[in-house]
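Per-chain numbering from 1; labels A, B and C assigned in written order.
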Amino acid sequence: MSFLQIRNLDKSFGATRILKDINLEIAEGGFLVLVGPSGCGKSTLLNCIAGLEPITSGDISIGGRSVAGLHPSKRDIAMVFQSYALYPNMTVAGNIAFGMEIRGVPKAERDKAIREVADMLQIGHLLDRKPSQLSGGQRQRVAMGRALVRDPQVFLFDEPLSNLDAKLRVDMRTEIKRLHQRMKTTIVYVTHDQIEAMTLATKIAVLKDGVLQQFGSPAEIYNNPTNMFVADFMGSPAMNLLSGTIERDVEGVKVSLARAHGEPLKLAISEPNGLAAHAGREVVFGIRPEALTDPDGADRNARSIVEGDCLIEVVEPAGSDTFAVTRLGGKEVTARLRADARIQAGQPARLAFNLDKAVFFDPQTQARIA
Amino acid sequence: MAQTQAEIVPVLTRRQSRAPKEVLQDWLPKLVLAPSFAIVLLFVYGFILFTVVLSFTGSKLLPDFSTWVGFSNYVRLFNHPNWLTSLKNLAIFASLYVIVCSVLGLGLAILLDQKIRAEGLIRPIYLYPMALSFIVTGVAWKWFLDPGIGLEHIVKDLGWESFSFRWIKDGQMAIYTIVIAAVWQSSGFVMAMFLAGLRGVDNEVIKAAQIDGASTVTIYRRIIIPLMRPVFLSAFVVLAHLAIKSYDLVVAMTDGGPGTSTWTPALFMQKFTFGRNEMGMGASSAIIMMMMIFSIIVPYLYSELRGERRT
Amino acid sequence: MSAAAQDIATRNAVIARAIIYAVLILFAVYYLLPLYVMLANSLKPLDEIRQGNMLALPQEWTIAPWLSAWSTAQIGVQPTGLKPYFLNSVLMVVPAVAISTILGALNGYVLTKWRFRGDNIVFGLMLLSCFIPFQIVLIPSARILGLLGLAGTVPGLVLIHAVYGLGFTTLFFRNYYEAFPNELVRAAQIDGATFFQIFRRILLPSSGPIIVVTVIWQFTNIWNDFLFGSSFSSVDSIPITVALNNLVNSSTGVKEYNVHFAGAILAALPTLIVYIVSGRYFVRGLMAGAVKG
């Protein structure tokens, strides 16, 4: 089933291990996004797949064929670079055709391929220009054209949108998605932008310090982060992570969160799963802003909604929603309310906690406990 | 990103047996570099070693490795009046050359930096001597400073009969005429270095100082010139190393004369090795020259290369 | 720009600017003076120099000193003028510049785009070789030229100049290619281009400026060299600088100052023309050679 497979991949520069025992696989036609903060090793991993950097141990296979040790040009891949890497001395047409020229494809065939790709990307009128005469968005298209014309088994994208302005970035993101839906070619895509990752991917791999943190579908990554890093990294605004204590009494299991004023807020947990074992211990309670809302705006299908009063410190109307900042467990907590929710800074407000969506982490190991 | 120092070459992996053509491609970069590196190793470092060894032999007209004399060439060298004269001249020449070129270069650069309309015309005039051979420079200044036809003759011709300027014929003063010619040749270049440095100063820093009420002089003295430290260092390194190598100009202007009064270490090496058939001593003088240059250059290059890797 | 033009009292400013211009012009005169002296006096008869004023323009204009310097002046024992030596210099400079520039470009390419363990040491050693006092290699160089049968020949001088120019040409190209995006090389690799194809098709077309800088630098240095020329040449292979020095410092006969000046300008002409035609690149080379990077 898996088309691109990475097994036990290790990569070192001298004594430094850049990538540690990476295992990944993606089905044919899948869209794999490698995401993580800068320095996490995601671009190195992409370069290893491309063959631009040697791997220290492990294996990479594409379409059931091991490609480790193969020259980049023999791996049947195409790559779009962050800087686009357009050959400055060649025209757009020359850029697109360079690979074919090297492979000795006859001129007529090259011209035909150029025309097809140019039509697909609407860059036909740019073919005779040099890269320096193009705008950022146009360069991006040419870079994609150069990749498309190869008709490879796998496309590799290295932060392709990071040099574009915000508006163009969203447009190109949609365009890449549309292109993928049409071509159905496997894609590996590196980004540090978690929104890009969520919107594009069929599978996301979150990396940090050369270690794969979590690998799964966007929904899995978003709803069931395996550790605090993934929970914090994915989602905007970020998940609220606050310290609380698990308490167990006759009524059941509760999580107790310190409030800025008055008694701690105690939230009863209806399905405590493994949490009972942590009774009396400190945990990190994670809840996304959209799971913390005004009671009228709460998800009607949720099974476990608990309400509590919190002092609102700041109110940030954002048009479609209103964000409210309160303080729980000694930390700022963002709640996402309906746009017309009636709240005021400095006043307490009633907030609804959707505990279906709540997650718990061990503060020491940062791993998920429930 | 962690992979900025990336190696691009895929290493050979054990699993695939590879076509000879591909194996060649892997080795090609090193094969291309190897001849140059081998040549440099032989012609530079091998030859240095050769000369080092030679300096411990009693070679006269030809290299002769059978007579091992230990350090006696060096002992003779530092007891030889011509070598001591050479060192003294080098000290005078190098210090004046470095100081005058730096002061003149910085001064002219600051003046040229005052939004001068004719900068495009003046700058090339200051710089063109750098395109000339030291021999040409030497010929020009040799005759211009010659008492018989040059400056002295000109001033006398203008009516100042008692004027005398015969430094180039005077053993005490001749070395200074070489300084004059060398400064003429190099100061424009130092000016260009400083000008590039001045142009690289962040404009906002200067605006901030102006808002703080600093005068132009204060801005230069307190802010801009301190920022020129790297340029001073570069200028020093370049000039000092040129000074130690100075040979052509001396040959063209005075050929060491009058007497031996304008000998420099480079001239000494040449005269002893090829003129007086004292190859052992010539070699030892070359070694001393190299040690002088390396003591300036090596720390500089080391810090430059390290700084480069950090950024 | 750091020029700190301020609106202080205008009168003072005008005086200050007048002084600045006066100083700048004074120095322009200082830098131009030797060239003027050479030119003016190369067009005078000898008597006029001896009797008259070196700073004066010729009263009687003559190009005889130029003709003499070019084709009849006594140099060494031959009354050949500088012509054959000028030719020697051309024959020496052209191949030496070409060889050292091509090798430097390839070295720079390998050292930046095909990095390997220890590449910095290789580069460091090549860089250091730029600064050695050449006196230290004179004796063994003479030997090796003898062993190769190239002693006292133009090819011998070509070899020496190419070898000792390698450090600088490598430095120039390395620093230039260092700033050339690695991603372009990677893209070309994925496109299947080989080592030499990447160099020829991707890097070389963008190398115009650095090639010009390197060629000018090498040309100027080798043309102007005296040390190697005087150490390794024989009668048939003497370069122009050495011939000029022989002309000026020959102890026999009358000192023909006007011929000396004409000869000096002849010797300086090629590098001066290069400087006038492409001063921008010349300065860039000087800077790159001095302040690396």
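Definition applied: contacts are C-beta pairs under 8 Å (C-beta built on N, C-alpha and C of every residue); 3 or more make two chains touch, one makes a residue touch a chain.
Protein names from UniProt, one per chain: A = ABC transporter ATP-binding protein; B = Sugar ABC transporter permease; C = Carbohydrate ABC transporter permease.
It should be emphasised that the depicted structure is a prediction, and the values quoted were computed from it without experimental measurement.
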Looking at every pair of chains, which has the largest contact count?
B-C
Could you pull out the chain whose C-alpha mean position is farthest off from that of subunit B?
A
For subunit A and subunit B, let me know how many angstrom lie between their CA-based centres, rounded off.
56
How many angstrom lie between the centres of subunit B and subunit C, each centre taken as the mean Cα position?
14
Can you list every residue of subunit B that touches 2 or more other chains, as numbers and ranges?
5-9, 25
Within subunit A, the set of residues that touch 2 or more other chains is 47, 51-52, 71-72
Do you know which subunit C residues sit against two or more other chains?
186, 189
Interfacial residue positions of subunit A with respect to subunit C in the complex:
47, 50-52, 71-74, 77-79, 81-83, 85-89, 98-99, 102-103, 146
Considering the complex alone, what residue numbers of subunit B touch subunit C?
5-9, 25, 28-30, 32-33, 35-37, 39-41, 43-48, 50-51, 54, 63, 108, 111-116, 118, 122, 124-144, 148-150, 153-154, 157-158, 184, 188-189, 192-193, 196, 198-199, 201, 203, 206, 210, 215-216, 219-220, 224, 230-231, 234-235, 238, 241, 244-245, 247-248, 251-252, 255, 266, 269-270, 273-274, 279, 282-283, 285-287, 289-290, 293-294, 297-298, 301, 304-305, 308-309
Can you check the complex and tell me which residues of subunit C touch subunit A?
181, 183-184, 186-193, 197, 201-202, 205-206
In the complex of these two chains, what residues of subunit C are touching subunit B?
1-6, 8, 17, 20-21, 23-24, 27-28, 30-35, 37-38, 41, 49-50, 52-55, 103, 106-107, 109-111, 113-116, 120, 122, 124-129, 131-141, 143-144, 163-164, 166-167, 170, 182, 185-186, 189, 194-196, 220, 223-227, 230-231, 241, 244-245, 248-249, 257, 260-261, 263-265, 267-268, 271-272, 274-276, 279, 282-283, 286-287, 290-293
